[in-house]
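Take a look at the structure set out below.
Chain IDs A, B, C and D follow the sequence of writing; residue 1 opens each chain.
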Amino acid sequence: MDTFLQIVANGLMLGGLFAIVAVGLTLIFGIVKVINFAHGEFLMVGMYLSFLLSTGLDVHPYLTAAAVAPALFVLGALTQRLLIQPLMSARDEHVQIFATVGLSTALMNLALLIFGADIANTPAHGVRSQVMLGEVRILTGQLWVLAAAVALVIGLQLFMKKTRTGRAIRATAQNRAAARLMGINDKFIYILTFGIGAACVGLGSSLIAPLYPTSPTIGTYFVLIAFVCVVLGGLGSIPGAFFGALVIGLVDALSGFYIGSDLREAVVFTIFLLILILKPSGLFGTRMNLSHVSP
Amino acid sequence: MTRASDTPMTAHRLGLIAVAVLLAGLVAVPVAVGDQFVYHIFITICIFAALSTAWNIVGGYAGQLSLGHAIFYGIGGYAGVILVNLGISPWIGMFAGAAVAVVAAIVVSWPCFRLHGPFFALATIAFLEVFRVLALHFRELTGGATGLMIPLKIGWEWMVFRERLPALLIAFGMLLVCLAVAWAIRSHRLGFYLVATRERESAAKAAGVGTVKVRLMAVAVSAALSAMVGTFHAMYLTFIEPESMFSLQFSIQIAMFALIGGIGTVWGPLLGAMLLVPITEFARGALGSEAIGLHGFVYGVVLMLVVLFLPNGIMGLVHRFTAAPGKTVGEQAAPVAAAPRSAEPREAGREVMRVEGLQKHFGGLHVTNDVGFTLREGEILGVIGPNGAGKTTVFNMLSGFLKPDEGKVSVLSPSGEWQQPVTPGDFASIGVGRTFQIVQPFAAMTVEENIMVGAFHRHPHVGDAREAARETAHRMGLGPYLNAEASSLTIGGLKRLEVARVMAMEPRILLLDEVMAGINQTDVRRAVDLMLSIRDTGVSIIAIEHVMQAVMSLSDRVIVINSGQIIAQGDPHDVVRDAHVIEAYLGKDFTHA
Amino acid sequence: MLEVKNVDAGYGSTVILQDVSLHVEPGEVVTIVGANGAGKTTLLRTISGLVTPRTGSITFEGRDITRLAAHETVDRGVTLIPEGRQLFPDMTVRDNLLMGAYSRHARDYQDDTLHQVLELFPRLRERLDQHASSLSGGEQQMVAIARGMMARPKLLMFDEPSLGLAPIIVAQVFEVIAQVAATGTTVLIVEQNVFHTLKAADRGYVLENGRMVLSDDAEALLQNDHVRQAYLGI
Amino acid sequence: MKLKSLLTATAAAALLAGAAHADVKFGALYPFSGGLALLGEESFRGVEIAVDEINAAGGIKGEQIELVRGDAVDNNQAIGEARRLISREGVKAILGTYSSSRSIAASQVAELSGIPYFELGAVADEVTGRDLQYLFRTNPTAETMGIMTIDMIVDEIAPGLGVAPEDLVIGVIHEDSAYGTSVAGHQERYGAEKGLNIATVQGYPTSTVDMSSLVLDLKDRGVNIVLQTSYQNDSVLFLNQSAEAGFEPDAIIGGGGGYSLTATAEAVGDKMDGVLDVDFTQYAVNTEFTPGLEDFLAAYQAKYGEDPRSGHSLNNYVGAMAVLEGIGAGEGFEPDQIVAAAKAIDIPSGATAAGYGVHFGEHNQNDRAMMMGMQWQDGKLVTVYPRDAAVAEFQIGD
């Protein structure tokens, strides 16, 4: 029983980790309607920035979020402005996918060029210490990630519901043409959304950096899992992505223990496929933004 | 006219000569240079071009962006190697691999057809990951991570050679096969159906295309070809492992060659591979040893630039330079005047369609309430009613696009039995053709090709279908625009194209949804004549119309629908005098006007 | 106030409007009638900046707005209430209305305008916290009009406001339009329901096949033989 | 026709340009780009130092050696580069390859072309298991590694803990590529032969971001000896997550990869202390057993201005030295002469900088190749096994 509880706890913590990556992705995927294959590389870039800042200035990696999140915002906004936007009107939506694949390849290899294939270690500054909940052990760093993910989800929800800009983002996602008629500059909204999505993962990367060694390929694993969480939670739904991530974290941890660690990926992707095929609006799906799925 | 058709012909012939020269070069250059490394590069070009061409059948023609095509390549590779180790020649193994790949392709694709664009791409990636993990897990069969090797048995029988020429010839042969299949599909009915399905699935269904069936055929063919190339490549590599056989990177690369060459074109993937493989090889040689990652960085940047500045690929560029100067399609000629209406009063024909008690709800909305009527042979039935009254919903139920909650639609088959078709395909094959209120041209096809999609319904051969399409086009006044892209027509032209496509199906019952809307008065009169002449050939017509003038002069009978219910039906002149109709349709104040 | 001169416009290589000109004076109610597909909607989309004309010019209050993007046109005081309502389905009625006041010049008066608009549409007050998608067709059209008014437009354009509505609701919609006009807002309506809209308008244009074929006082158009035959079926 | 002759001319020019200076050419086929580039490059440095040393001493058979690099970034590329080296560059033999799958693919090409191929670093059994005529391997294999791990448990760890070897509960975990899978396979097989209790064998993807379930599984099974064959990221994850789950096995034995790298030790801090490792010979070793090691280190320092990043360079250096000197002692540079010369190589154990001797036995595998057992002590990886190469005592138990 203790082991089971520990696995559940591990799964939830892992879910928090996935969530903080997936939340930004669901914004970009759900609102700009672009599959951002470079999202994992955004995480990687953020982690390297955190690493450089926290070792260079000798500060706690969490503090670097103050610089990393804005930096990633700029990266995301530039991606939308220079790479995605020129392709928005392209007849073939495939080209956007290839554009982000190109960006992903370029960023990953740029990191390889600058940092080499070796891992970079962001000093842990105490986030690897443990908290005991009864018999269950949890890392403080992981708790912070989960807490940050919850805060991020709540914060984004409030932003989307209560602010003028947030409403404009939702309006643009729900009906782009009508949004333009309201005086909303849709191009600006897309740039902003892409930026916010990237900034979310920037925040995440500062929290993840002290927990995991950084390498140029760290993003590749996260990005596919994050897509799973996003689809599971219902495209574009921020709380959906969060709960989707928790579910996937649990599935990952449980299948790793009960089925075998070599098959856990297969389990996760099989669940993903079942959701895609049987309920493409996601487990927690809203009705919005399913323009890519025909009835 | 002659010049306009001359130029593309010459360009076409020049293009074919260019392709032939390029293909010959694939064999001639390595033979002339005689260098093993050059052989290797050209074999690699052939393999990638073949895989990319096969991918293009699904990714290009059918428009389903598969990023998991390595599944089929990997299956072919594994089948070949496993069988070779059992002493079976890869020449047999490749067909075994192809068979397994076809099964896998159908299993993978069937559930994914509801998914489009990015979702389909994600699903194929997920399938690929599952395959890779399973290949790692089932070691007894696949050798797990350590992979499988083939014994170095030399000879044609084993596809392993000491000299390079035979391997090149096999790779080249496979490329030719892939190109031939791709070309054959594109220029036959299946290709038209695939492109039509990609462009407008609903219009394709209405034209009697079994959209799921044609897509499955495309996937199956593509998978079989990929698997066969995979078998050969495994023999060429002599060693396979899950990491390289079921690789996402590899899948993306295959798709990318097609993208850069020109997605959906026959020759694009070949051009993409011929350009990119050598560049990649030399770039790797030049940059790879300079600094770790430099080569990959440049590769990624180049990919982004190509996508940004060459979104239609090399073929797009080629077309821009070879295409005949763009014709702007201005005013289209009106349909040729139909034969004068026969003065003889026609006898009311037998019933051909019975509609009984149709009910349809959308959520809480009762959009169709107990709609029932009959249609006779050679009759024109006008359907009027305010916007949003539910006319189009009724049409959708009469053509299989919506399933009624209650009630039934029966159609008299040509052999004289009453049948109840269910799917759009059923309706099409029993002879019910329909147009769409919002025109649904296959934008990437020419006018002629658009009409051919309909004509294939009766004429499976390209030549016959083309003949029938031309004839229909001339009848509809679209003759001069046969080679124009459908997207260049005006609204009026598109409306006519919509009708022409249905007419080419030679339906017995024609459902026309506001075909008069947006065409000018003279044309309305001609269109009325045209419809009457169609009717006089024994075709029954149900027409939703707003142009009252047309409705009055056209219809033998009129049905008025309001709020999902039939509120009046009968002789057109009686119906417009009906008080309910005036109130509902024209507005209460109308009477005082 | 609004001056459209010799405009050609379309989508991709498709030409829809050819050499279209019209003008609207302050305080007028002007209508453009024509069959489905004649190019009426494209004309409104062109004026509002969703479609950029190929040739010709559009000026509003003497300033050129030909190439302005849609959101800039809204800032100048031109608002379009699109065909088929185009509400934001998963947002509440309140949020839909607030989106209407997104443009810079309307933002600061948001609360006042909301108050005024709710005076005009008392039914919406009860519905403020419901999702727009849960309303009936007529109520949705009211929300769409109210949302348009939230932008404090000088020129309010309606695209097929009666589309898909029961006759009794249609009558209500036209009453509302009359009220809007009474507040001094200039109105441009595009309609298929020729009779109703000509009744409500001061002047009218007839658009056929992408070209303006007639222009006259609304009364005169109602009596015009061509109009009566083509659009009223008499 | 024009195009063809132009291409022919270009190719011929390239051929000439390449052939201009060198006296005798050897190919060096390693992954220089892509994910394996770090240790591919490190391996290549060993060969470079060996060639420098031989050239400085007058070359072989009076001729200077020129190394031609080939980039084996993936399997298809490995084949292409092998072909280029053979046909375009006219190399007499190929040295390589670090990665087993690249080695397997490329050596098939060499075999079919009849060019000798010397593997200096790839560990998979299949490299020599195919019985190729022209392929030789100087380095120890996955099997050596597996056997050595088990021997170390039986000879040193069990006695050190004061328990019988069969009472230990052993968990074998490995990354799921060819490297981890084959080492783990040998550990399982040989462990069973020795009567050890192997509780579980589990693979996981290298790129994984979470190993907590695996750790819990090991803990649940009461495992007290963990054998992990891994790269860097997963070594760090396992060590961290074990400590955090309160899983404290009596011994962790790493299989090369991440466990031999200083960066790993830095990443996990003092959790690394006492961790064992079986790998190629590293640098903290009894130099009486590895003559020439100091010279190699000095040469490395001089050429690259840093310390070697792993033992790969050393092992490639030793292999290249043995092979090139062996060829120098032979009849000439024709393939069959090189093969004959290679078969004649006979260097006893304890006579090279890596400690092991060179003698090609069955399947042309160096039957004197061996690995070393090492332990992280005070932040340094020191050799502890076998005893005659050791520079420090085993620290086991309390």
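Just so we're on the same page, contacts are C-beta pairs under 8 Å (C-beta built on N, C-alpha and C of every residue); 3 or more make two chains touch, one makes a residue touch a chain.
All figures in this text were calculated on a predicted structure; none of them were measured in a lab.
J.: Tally the contacting C-beta pairs at the B-D interface and at the A-C interface, and name the larger one.
T.: More C-beta contacts join the chains of B-D.
J.: On a CA-centroid basis, which chain has its centre farthest from subunit C's?
T.: Following the centroid criterion, the farthest chain would be D.
J.: Any idea how many Å lie between the Cα centroids of subunit C and subunit D?
T.: Whole-Å distance between the two chain centres: 76.
J.: Express in whole angstrom the distance between the two chain centres, defined as the mean CA positions of subunit B and subunit D.
T.: The answer is 53 Å.
J.: Approximately how many whole Å separate the CA-defined centres of subunit A and subunit C?
T.: The computed centroid separation for subunit A versus subunit C comes out at 42 Å.
J.: Could you grab the centroid distance between subunit B and subunit C? Build each centroid from C-alpha atoms only and quote it in angstrom.
T.: It comes to 38 Å between the two C-alpha centres.
J.: Spell out, as numbers or ranges, the residues of subunit B touching 2 or more other chains.
T.: 133, 136, 292-296
J.: By residue number and range, which residues of subunit D touch two or more other chains?
T.: In subunit D, the residues touching two or more other chains are 37-38, 176, 203, 205.
J.: Please list all residues of subunit C that touch 2 or more other chains.
T.: Not one residue in subunit C touches at least two other chains.
J.: Looking at the whole structure, which two-chain pairs count as touching?
T.: The set of touching chain pairs is A-B, A-C, A-D, B-C, B-D.
J.: Tell me, which parts of subunit A touch subunit C in their complex?
T.: 164, 167-168, 170-171, 174-175, 177-186, 286-288
J.: Per the contact definition, I'd like the list of subunit A residues that touch subunit B in the complex.
T.: Residues of subunit A touching subunit B: 29, 33-35, 83, 86-87, 90, 92-95, 97-99, 101-113, 116-117, 216, 224, 227-228, 231, 262-263, 265-266, 269-270, 272-273, 276-277, 280, 292-294.
J.: Any idea which subunit B residues touch subunit A in the complex?
T.: Where subunit B meets subunit A, its residues are 59, 65, 67, 111-112, 114-119, 121-123, 125-127, 129-130, 133-134, 136-137, 201, 252, 255-256, 259, 263, 291-297, 299-304, 307-308, 311.
J.: Once bound in the complex, which stretches of subunit D touch subunit B?
T.: Subunit D residues touching subunit B: 3-5, 7-8, 11, 15, 32-34, 37-38, 41, 69, 71, 73-77, 79-80, 83-84, 86-88, 100-101, 104-105, 108, 111-113, 124, 126, 130, 132, 176-178, 180-182, 203, 205.
J.: For the complex, which residues does subunit D have touching subunit A?
T.: 35-38, 173, 176, 202-205, 207-214, 216-217, 219-220, 232-233, 236-237, 240, 244-246, 261, 263-264, 266-267
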